[in-house]
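In the two complexes below, chain A is the common chain; its partner is chain B in one and chain C in the other.
Here is the complex of A and B:
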């Protein structure tokens, strides 16, 4: 018995050391992979061809909304920003971005609603509404193929750090952090599904499980439910900080918007 | 918002070629089996049939049922026989009807 213990102890120490080195280990930049690479051939084909990508339908809706006059100002997005293909190129890739007036980063959904309330004098679009998803998908598509360009500077750094803390914090009844799955165990199986590294390269994206387009906040909510934690309200600062951290973590990766995921 | 449909038909084909046609339409395909937040059943709202004609002659038709997912994607093959028009019609609950056309040049 004692002899066996003596054999087990060093092995246990090695295992513990391995676990300790895994924890808090961020994925090296060169080893980051988009969830796209883990998809089946069929779903990849669905995303790659615009006429089979169901998110294209929302992009067309967004294109129509871009030129529709709204609110008491009776202005459309196009009246100020003109052709989205040139004026909005690369914009989504930079969001969430710091807003000087709000002294906070805003995600692209909040930025659109800021334009609606201040410039168009219209009511803000509800989160996950068909119109807001369509507009974000249309804007996102203008950045497709470009590198994610969220920056860490004096303004954004405190919020990236706040997002990183939420990412690393254990929460919910299962006592899991985002990191436990998406850094420490990415590529392993969870109930038969391969865990992705969790890079938000294609939002808003069409999820086959949802049978609709959804934002990154909806996806985060989904994960929080899975951890049996209480999700934040849509538009909460915590979500935006987390979005900012995740986009910064995926900096330089290619925008796939609008992507398809199983 | 009106239903949007995307159709992918090759613009040009050689006579006798087998061509692939892909169609995608936006539709919620509400099955009629789900209950809403008020506990009441959400009424069924689906596309029930889809057909394609090639210069007026029906070349493909199918029926949809509640188990079909939202935004149905249908792909099928036909033989390019002549210059002309392919017309696609989706018919569904609550008077849903969408028709779209695509032209093809056969050499």
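Here is the complex of A and C:
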């Protein structure tokens, strides 16, 4: 018995290591790079300078919305949360976060809408609407420069794991996984485009190709579309799990919101 | 030893328009359509980013194409390295050659997950297009 174990254990360890390396070739923490670093000098400058960053307008819109009384409660965000620069500092950096009542993580858009419906008694803002993007950009700006700090604990771990599985799963007519491009081939060229590692450091962000601000879910839809995979509905649990996994994968990286991307 | 396998011959595959073919070892020796393809049409498919998608990942002997991929080896010389039948199997379902490959299965509809509605039940290329591409790849000698 003992002899058999001694033979089996190393073999098992090798097999497990092989499976692990096949299943998930994770980028070492120290080698992670934001998509920012792959951009041209011009586009970097656009992101860095608030006066040239096209997303700055949305941040200003968000600031105005922060103090606007809404819904049948006729309360503004500021009525309860006061100065966003203090109360919302570092908040976006730890979203998606676990919501005890919903028993699952909510992303920052869903969290804002929860206050819309429950605290302001107003209708939720549609995904990708101007106002929701503006509020998200305004809140995100309050975390700019701070490290991404989503919480990995007993509550969130199953959802991080669910996101990881979606990330690693082959999908769509082209039968590709997110991991195929963003881990295994990051830095390589997909046609003319250098593949980024796919870190969600700057959302919502202004994408030159969109000529508008867009959420992380919009970005994920774009990638799924490229894979010829069926996109999830905006707000779907799968997106939030994926967002949570991506934020966890980018833990410690710097929030750039509102970023600019080509 | 020659392993012969019937693939794509199930009733459901036929209903979806995938023609049956025979894999012999690491090749599909016979044309999917029973006729040879047209290399000129094959070149157009290979260099078309919406149809063949090849240059997303591959580069090739196309100095006029500015944006070529670096995720896969060059197509130059493919006709020297591989036989017609090997190229055909590579195109039909590259995963049968290397299971972990990222090269899409151009003539397979089974075993795929969450395919977008517009592409569901359809192969990436038709049998005729596969034959055109194979005929073209055969001309890539070095």
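Just so it is clear, the second predicted complex is superposed on the first by the 239 of 262 C-alpha atoms of A that agree within 3 Å, B and C clash if a C-alpha of one lies under 4 Å from a C-alpha of the other, contacts with A are read in each partner's own complex, and residues count from 1 in each chain.
Please note the rule applied: a contact is a pair of C-beta atoms (placed from the backbone, for glycine too) under 8 Å apart; a residue touches a chain by one contact, two chains touch by 3 or more.
Owing to the predicted nature of the structure, the values given are computational and were not obtained by experimental measurement.
*Asks:* Identify the partner contact of A:152: answer first if only chain B is touched, second if only chain C is, both if each is, neither if none is.
*Replies:* In the superposed model, A:152 contacts neither chain B nor chain C.
*Asks:* With the two complexes superposed on chain A, say which partner A:212 touches: chain B (first), chain C (second), both, or neither.
*Replies:* A:212 contacts chain B only, not chain C.
*Asks:* Going by the contact rule set out at the top, does A:225 touch chain B (first), chain C (second), both, or neither?
*Replies:* Second partner only.
*Asks:* With both complexes superposed on chain A, which partner does A:254 reach: first (chain B), second (chain C), both or neither?
*Replies:* After superposition on chain A, A:254 lies in contact with neither partner.
*Asks:* Identify the partner contact of A:192: answer first if only chain B is touched, second if only chain C is, both if each is, neither if none is.
*Replies:* Second partner only, chain C.
*Asks:* Mind telling me which of the two, chain B or chain C, contacts the most residues of chain A?
*Replies:* C
*Asks:* Tell me which partner A:165 touches in the superposition: chain B (first), chain C (second), both or neither.
*Replies:* A:165 contacts neither chain B nor chain C.
*Asks:* Using the superposition on A, tell me which residues of chain A are in contact with chain B and, in the other complex, with chain C.
*Replies:* Touching chain B and chain C on chain A: no residues.
*Asks:* What residues of chain A sit close enough to touch chain B in their complex?
*Replies:* Result: residues 46, 49-52, 54, 56-58, 60-61, 64, 130, 208, 211-212 of chain A touch chain B.
*Asks:* Sort out for me which residues of chain C touch chain A in the complex.
*Replies:* Residue list for chain C touching chain A: 49, 53, 55-57, 66-71, 95, 100, 102, 104-105, 112-117, 119, 122, 124.
*Asks:* Name, in rising order, each residue of chain A that touches chain C in their complex.
*Replies:* The contact residues of chain A facing chain C are 22, 169-176, 180, 184-185, 188-193, 195, 224-225, 228-231.
*Asks:* Taking the touch rule as given, give the residues of chain B at its contact with chain A in the complex, in rising order.
*Replies:* Residues 1, 4, 6-8, 22, 24-26, 29, 69-71, 73, 75 of chain B touch chain A in their complex.
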